[in-house]
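Read through the structures below before going on.
Both complexes below contain subunit A, partnered by subunit B and then by subunit C.
Entry: the complex of A and B
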């Protein structure tokens, strides 16, 4: 059987060898290799990025409601958006959450990273445990925090009432609920800042600090003049990535207030408009607005990041 | 001495804050329906909630769906991202513009992309299928995987490859024998991240699956019914669903400090 197959399969394998040779040849040339290697990514980018963007842009000029044919309505959706106080409130809230989270995470992250930046017994275990919140499902942890922060049977309020203080409705009080969501998000993502900054601190050259120490420069000046500027690329990375992730904060809302109590953020609003009220036209108009905003902010930071990375 | 005890106190507080909720998941999962609304650590542990998610409301199928979609999407992501990241790092393909476009897919507010995909998937019959969700997760993870791997590839000196080329190695041999062994830890970390993110993802799973391909995250949200939240069974389900990620955290922590720098810092 195998013998009978041989003569038939021979031309095939020859063809294969020829083809492999062709590919090999192409791959050996830098100018073609780089495009061959990148081709699958580009195909996916066109399918999954260009198509949705163009389609959303088109939809934002229509009155599509998930059924029937979309009618062109021109700039109606955008006109509505400009005068929509709910939208501006959600945008403002999103930016507030964004700034609050990043500031808290960077401050605490840097403090904890400096604390962990030494050798101590059990350091691997401590670092491993610090990493836990980052990897656990955000939805699961939001639901858990919802349970733990509950005003009646939450364990946090148990602790508070144990000390004789009144119970706090963390997720059921207007004004406080948004801070609870910020807290959940910070709890989850603080390890990210810690680990990136810790890696940065570990990678800093030692001799400059020793020189500064010998010269009697106070520690806070060494920190401000030497360490902070050297950590700048990493701080930009953190701000860039966290901006991208915080603009699409959804799980902590779904697991807790579901947009109630003045906690509606941009992503939730787009979700509600498009998938609950089925107003695709208006939903995509909100979405396009959010997209441009994020793109502009991130492009500016990306430019700075690339400059900082190439300098280092 | 005081400095030392302050240091350990700070460590203790940090560890407590980071791990307590996870501990509480398992505590809650062992509470009977009567104890759920009672407080504290003193209660009679029971396996009631675990029996509930095995017999009354089976959760195995959802865990299986999560596993299938996570593994399939991660495999595709790596097949796309490894060569692309190499190309970006070695040849600066597209002068940074394509790399920026790749990264910017993560800037899309999740829902923005969801609307066109939802309509397209509805017309293609991909709603509530494993294939549909896998494609979405490829899109979801591709950009960050490429960015992470880009950092790792950047750390490999190009001179190594030129030397091998002068010795007559072909590109494929160079990739196989020189680049790949050096990039292995980076590939491992990136794979792990993609697996975990697909496993944890909620928004797309929630919008794009109903019954057949429903993942564990969506299953978790179903315990929040219109009348009440079933905290006990939810905690039991959570306890099982987060187990793989806890394991991953344990495996990864050694490599993570290096992995998260994206090669930005040269030591």
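Entry: the complex of A and C
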């Protein structure tokens, strides 16, 4: 039998060898290997990012109210959105909060990062404590601040009145409530800016700063001409990420004003329209608009980032 | 042809009359063998007295062998979370917690009680009717759809009452001062004007006197809940209903079927008046009211910072009694709200149509809503929604009797006063009400905080009603 098998097995093994060779060849090609490696991610992204986004886009052209089948209504939801003053007010507030948070976080973040960049006793403990707000659940944090900032029962006002000052209605005064929401968000996310910038400061090349020192360049000039330009890619990354997160700011409202006292932000409005009023068509139209806007802003930022990195 | 309203009231009256003779004697011994049947998953409102229900779930589980899991959620998410599961047909909850104003909207997803009784109860529909007779007819109407189908058993009422400082109202010094200033006797307010006068009268700065003693902190006339939470809507609704106004009128055909809704100029004038009045009351509420809900409003009263809570849910009575701990001689008392038409209703457990174990769900519901269970709960101060249970405990004596049962007469009086009206409220007839409730909340909050005028609030309401009623209900707004 073995003898009879021999002539047949020869072409089989040749074919096998050919196939193995082809596979090795394909695998050794850079492009194939890359695709194989990123395939799980691509599948994941298609399933959980692309499909829901495309489906949301489709829903935004329907009148779906979670009852019956969705009917196509063309651009009706977008027309409504364009004429809806509540939406534009929410968008305006969101952009205001976005700019205020980013400006405060970057300014304070850079100042604190520069302080932490010096060696001092207990530096590890201080740096560790700075990190704590990031570890707290955003929802728990908003509830916590709701109680702490209360005009009559909150510890913050206890401290204020202890010094003979009048109590402040942080979350119950029109005009001030939005600043309290900004404060809560800054309080939680300031450490992010601090540590990104601290890492950047730690990584700056020393020789240029030493040269400036030898030449007697004033500190403010060193900061403006050397430190700041060198940190620019990191600053743009912070702005980029915070823009994306702040466009979706939701948690500080949940435990505090719930959109009252002129604090309704875009994401709260999307939540309310989609999951309280269940007007899924309109809710997704709001969401898609927010997505387009975020994409445009982020693309512009990304170009700046690339340019800054190339300069660096 | 007898209208649905008259038919409903006649049935309710008959059921109520029956209850005088025979309270239901249901016990766990009546439950058939359910062992081996699938576990039940039950939704609960988190916090406060609502958690008191958990031991009774355990008791049912022990007696029947049916495993019960429960999921507590805060009121603000109760509607959204449950309706997603119901509309999705996921079968996530065997029993859902339903606020009476959601009943019509959820009709398609809830199994009618009599249908379940006919299927699973040896005593049949008649037996079930006898069992339910101890409930208040008005509350039962609220737990029914607009065509009169009962889709749940109420277990916990949140009818509003007026909680006030009896020691202040009855203090001779204050009475004399009030008489001198306003020209009539200081007493529990029964009209809007009296309430406003009392709110103004008791609003005082630190250093002024109260009951003849110098105040070391200010006191305010009223606790209100003006934050952007559902409660501000409940307060405005109490004012509107108390003035015999409606958010919208229900239009029925000759057969009693709800066919449309309409807003009348008279009602909108009353609504504007309610919004205006609320803004007036806000002048005598403590700082922080603009973002307050029931928690802060009651806390203000308990701390001795306010003289009365003109519209507060009955379950908060118990806590309000702690005022004596913080204010010297402080004593809480309960009365019907001004106008005697408070925001009212009850949470009821309702069996979901996609329950995996409808039989066990039916029996659990019957157990929780039974006279024996509700009476046992009511003895602990639980705000039972079952009238014969409240009647059974309200005369009880003991150290905690006042604290636990002092609210009951006010609620029963209001149920009686309001019984004929509930059928005509938009809340219990619109299938869009879950959405309208949110709109009312936003509008009432914006009015309370002065972001919009009362006239703008009315216009906003008309626009919202038009949009949501016509979109989510087949009975449209015609005018």
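As a convention for this text, the second predicted complex is superposed on the first by the 276 of 312 C-alpha atoms of A that agree within 3 Å, B and C clash if a C-alpha of one lies under 4 Å from a C-alpha of the other, contacts with A are read in each partner's own complex, and residues count from 1 in each chain.
The rule is short, and it goes like this: a residue touches a chain if its C-beta (ideal position, glycine included) is under 8 Å from a C-beta of that chain, and two chains touch if they have at least 3 such contacts.
Just so you know, these numbers come straight off a predicted model, no measurement behind them.
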Taking the superposition as given, does A:267 touch the first partner, subunit B, the second, subunit C, both, or neither? first
Just checking: does A:165 make contact with subunit B only, subunit C only, both, or neither of them? Give me first, second, both or neither. neither
Per the contact definition in the header, classify A:67: touching subunit B only (first), subunit C only (second), both, or neither. second
Which holds for A:46: it touches subunit B only (first), subunit C only (second), both, or neither? neither
Just to be sure I read the superposition right, which of the two partners does A:153 touch: subunit B = first, subunit C = second, or both, or neither? both
Where does A:196 make contact in the superposed view: on subunit B (first), on subunit C (second), on both, or on neither? first
Chosen between subunit B and subunit C, the partner touching more subunit A residues is B
A:307 in the overlay: touching subunit B, subunit C, both, or neither? Say first, second, both or neither. neither
In the overlay, answer first, second, both or neither for which of subunit B and subunit C A:103 touches. neither
Contacts of A:228 with subunit B and subunit C, given as first, second, both or neither: neither
Let me check the overlay on chain A: which residues of subunit A are in contact with subunit B and also with subunit C? 66, 152-153, 275
Under the stated contact criterion, what part of subunit A meets subunit C in this complex? 65-67, 150-153, 167, 169, 171-174, 177, 256-262, 272, 275-279
Complex interface listing, subunit A residues touching subunit B: 24, 27-28, 30, 33-35, 37-38, 40-42, 44-45, 48-49, 51-52, 55-56, 59, 66, 112, 115, 120, 124, 126-141, 143-145, 147-148, 152-153, 155, 158, 187, 191-192, 195-196, 198-200, 202-203, 233-234, 237, 244-245, 247-248, 250-251, 254-255, 266-267, 270-271, 274-275, 280, 283-284, 287-288, 290-291, 294-295, 298-299, 302, 306, 309, 312
Which residues of subunit C touch subunit A once you look at their complex with the stated criterion? 76, 79-80, 83-84, 87, 227-229, 286-292, 296, 299-300, 303, 305, 434-435, 438, 442, 445, 449-451, 468, 471-472
Across the complex, what residues on subunit B touch subunit A? 7, 10-11, 14-15, 17-19, 21-22, 24-25, 28, 36-40, 79-81, 83-84, 86-88, 90-91, 93-94, 96, 98, 100-120, 135, 138-139, 142, 146, 170-172, 196, 199-200, 202-203, 206-207, 217, 220-221, 224, 229, 231, 234-235, 238, 241-242, 245-246, 248-250, 252-254, 256-258, 260-262, 264-267
